[in-house]
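Both of the next two complexes hold chain A, though its partner changes from chain B to chain C.
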Partner chain A sequence: MRESTLMQLQYATGAAALVLVGLHLLMQGVLVPYGEAVSFQRVLSVYKSGVDAGLLEILLVVVLAHGFNGLRVILLEWRQGGAWTRGVNWGLLAATLVAVAYGTRTVVLAVTGQAS
Partner chain B sequence: MAEPGQEAAKNARGARGWLDPRHLNLERWAYVFQRVTGLAVLAYVLAHIGDTSFFVGGPFGGGPSPSSWSSDLAVTENALGHAVLVMVVLVVVYHGINGMRLILAEYGLIFSRPTRPEYPYRPISLRTAQRHLIWVAIVAAILAAVYSGGMLFG
Partner chain C sequence: MAELNLRVRRFDPSVDRGPRIQEYTVPAHDGMTVLDALIYAKDRVDHSLAVRFSCRMASCGSCGMKINGRPRLACESQVSQLGTDLTVEPMDNFPIVRDLVVDLDGFFEKHSMVAPHLSRKNDGREQEAPSGEYLVTPEQLDSFVQFTYCIKCGLCNSSCPTGSTDASFLGPQALTQAYRYVADPRDEAGEERIDLVDETHGIWRCHFAGTCSAVCPKGVDPALGIQLMKRHVMAARSPFRRRKKAGTKLFPNPNGELLKGP
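What follows is the complex of A and B.
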């Protein structure tokens, strides 16, 4: 992808993250008291309601895409060079996919698994 | 007047260049903080994805597990963990609101009309909404951190 396209993507994911992170913070301490929000039963009911679990998954992808692309921008500004650019691009893409996969696994297991 | 190439040499200092606090105006400070807070939030998000996975038993778990979750909460629910959360609220709120300012500036929505440079050469970019929004980001971040601190420690 062209750098200008990636930067538009950075603004789009940033705007989406502003809404989603704001909602996440409200649900984890303002609208729902913090102690209750982290209780096992409450977290389980969040995952079992399809909409909330879906929002958590979208939040995961949006924030990781935004965060790793931001790190990419900083690293490419810090040092220049063909090998460096390719290494940073592919390395961070791989890191993003690993982090998304690990977080998605948590969501999937929480949504589908039976509480033991 | 700066020598030709002086600005380029400054940029070539890399991270030390943008962390050097000399000759920075408010907008440059906002930029440095945007990067530092971004890195901090990314580090927290990765740790948070790791710690929340203990809801389903951690890396080798297979489903929702109350015992795994309570051992995770034993690590995070203490004064140090709560202090980290207050810091996270502080940097996330700043990063979000200042980021919104950057998006508005990128699309030209909060720029005043360009004018001829006149003494004392104050940056046009800082004359209007931009300056206010930087302060909104700073004040909102502090208020949110105070609120979360009161909630977690009160």
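What follows is the complex of A and C.
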């Protein structure tokens, strides 16, 4: 994948994360009193809503893609070399997929009511 | 101003285990530059001091060094504006040859990599035996003219925070020169240059610290050039790309015989 494609992804996920976190804060902190928004039962009930769970899943993917790609940039500037570059690229791609899978599992468990 | 306290960081990799600071006392005079002080120290006090210089008028870019912590050309740095205590060190981000002389080979290799010359695809004969001129409008010239003022002194690369950790980074000088030719309507090698800078250690490793622009002795703004180049790359890679580079065409020269080749 070209570096410009990865950076387009970086900018797009950065902007999307900003919008989604804003939306999340609006839904949880403004429309509902803050004290209620973070109560355990309410958090679980939010997860059980399909729309909220979908937004959380998108936020999960967007933030992980943005964060791990940012980490890739830092590591490639820290050290150089073909083996290092390949290791960082493939290692972080695998780490991203594992983190997305684990986060998705949490969201799915919460949506299906198995987390409570 | 009577005397200068000149502190020079000295290091000979073939002999020394590490750098050391050596102090020289140099008589100051009106209009004295840091290069004048260094030449005095070398001529009158210590012949072994290594310093590179040539034109003494900020044209050749040979005497780049770190003066009181900031990359500058020694020949245009007035002692009267810097005070009587001067600390002079070699430029950062370059291997040291000796004392204040750094190895610029890698720097010039990166400069050469971006093919810093006008390139036409289909009219090689015209380049050999020109029959006219490729005209550039004043507006087109405005878009890149400041980047032609680069004297390749290396100060921008020495100040670059990315360059301090990523030795493979192309650096502000080469990236800005890539933009200078991509923006020139007479050039037709834009795609090749875009491919070259759009790689792991290319243009995307610039995080817009802006130090390159702050230290350029010729008023060039490499940080701007790099951002404009990023826009070119994004536009070239965009699936919605609509507009091609304006380009230019051959205008016959009314005095054609003067331009005919051998």
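Assume the second predicted complex is superposed on the first by the 112 of 116 C-alpha atoms of A that agree within 3 Å, B and C clash if a C-alpha of one lies under 4 Å from a C-alpha of the other, contacts with A are read in each partner's own complex, and residues count from 1 in each chain.
Methods note: a contact is a pair of C-beta atoms (placed from the backbone, for glycine too) under 8 Å apart; a residue touches a chain by one contact, two chains touch by 3 or more.
No experiment lies behind these values; they were computed from the predicted model shown.
Visitor: Looking at the overlay, what does A:Val98 touch: chain B (first), chain C (second), both, or neither?
Guide: neither
Visitor: Touching A:Leu76 in the superposition: chain B (first), chain C (second), both, neither?
Guide: Second partner only.
Visitor: Could you let me know whether more residues of chain A are touched by chain B or by chain C?
Guide: Between chain B and chain C, B touches the greater number of residues in chain A.
Visitor: Which partner chains sit in contact with A:Thr85 here, chain B, chain C, both or neither? Use first/second/both/neither.
Guide: Touch partner of A:Thr85: chain C, not chain B.
Visitor: State whether A:Leu31 touches chain B only (first), chain C only (second), both chains, or neither.
Guide: The answer is neither, since A:Leu31 touches no partner chain.
Visitor: For A:Ile58, is the partner it touches chain B (first), chain C (second), both, or none of the two (neither)?
Guide: After superposition on chain A, A:Ile58 lies in contact with neither partner.
Visitor: For A:Arg2, select first, second, both or neither according to whether it touches chain B, chain C, the two together, or no partner.
Guide: Touch status of A:Arg2: second partner only.
Visitor: In the superposed view, which residues of chain A touch chain B and also chain C?
Guide: After superposing on chain A, chain A residues 77-78 contact both chain B and chain C.
Visitor: Where on chain B is chain A touching in the complex?
Guide: Residues of chain B touching chain A: 14-15, 35, 38-39, 41-42, 45-46, 49-50, 52-53, 55-57, 59, 61-66, 69-70, 73, 77, 89, 92, 96, 99-100, 102-103, 106, 148, 151-152.
Visitor: If we count contacts the way the header does, which residues on chain A are in touch with chain B in the complex?
Guide: Within the complex, chain A contacts chain B at residues 11, 14-15, 17-18, 21-22, 25, 29, 33-34, 38, 40, 43-44, 47, 60, 63-64, 67-68, 70-71, 74, 77-79, 99, 102-103, 105-106, 109-110, 112-116.
Visitor: Which residues of chain A touch chain C in their complex?
Guide: 2-8, 73, 76-78, 80, 85
Visitor: Please output the residues of chain C touching chain A within their complex, sorted ascending.
Guide: Touch list, chain C to chain A: 162, 165-169, 198-202, 204-205, 233-234, 237.
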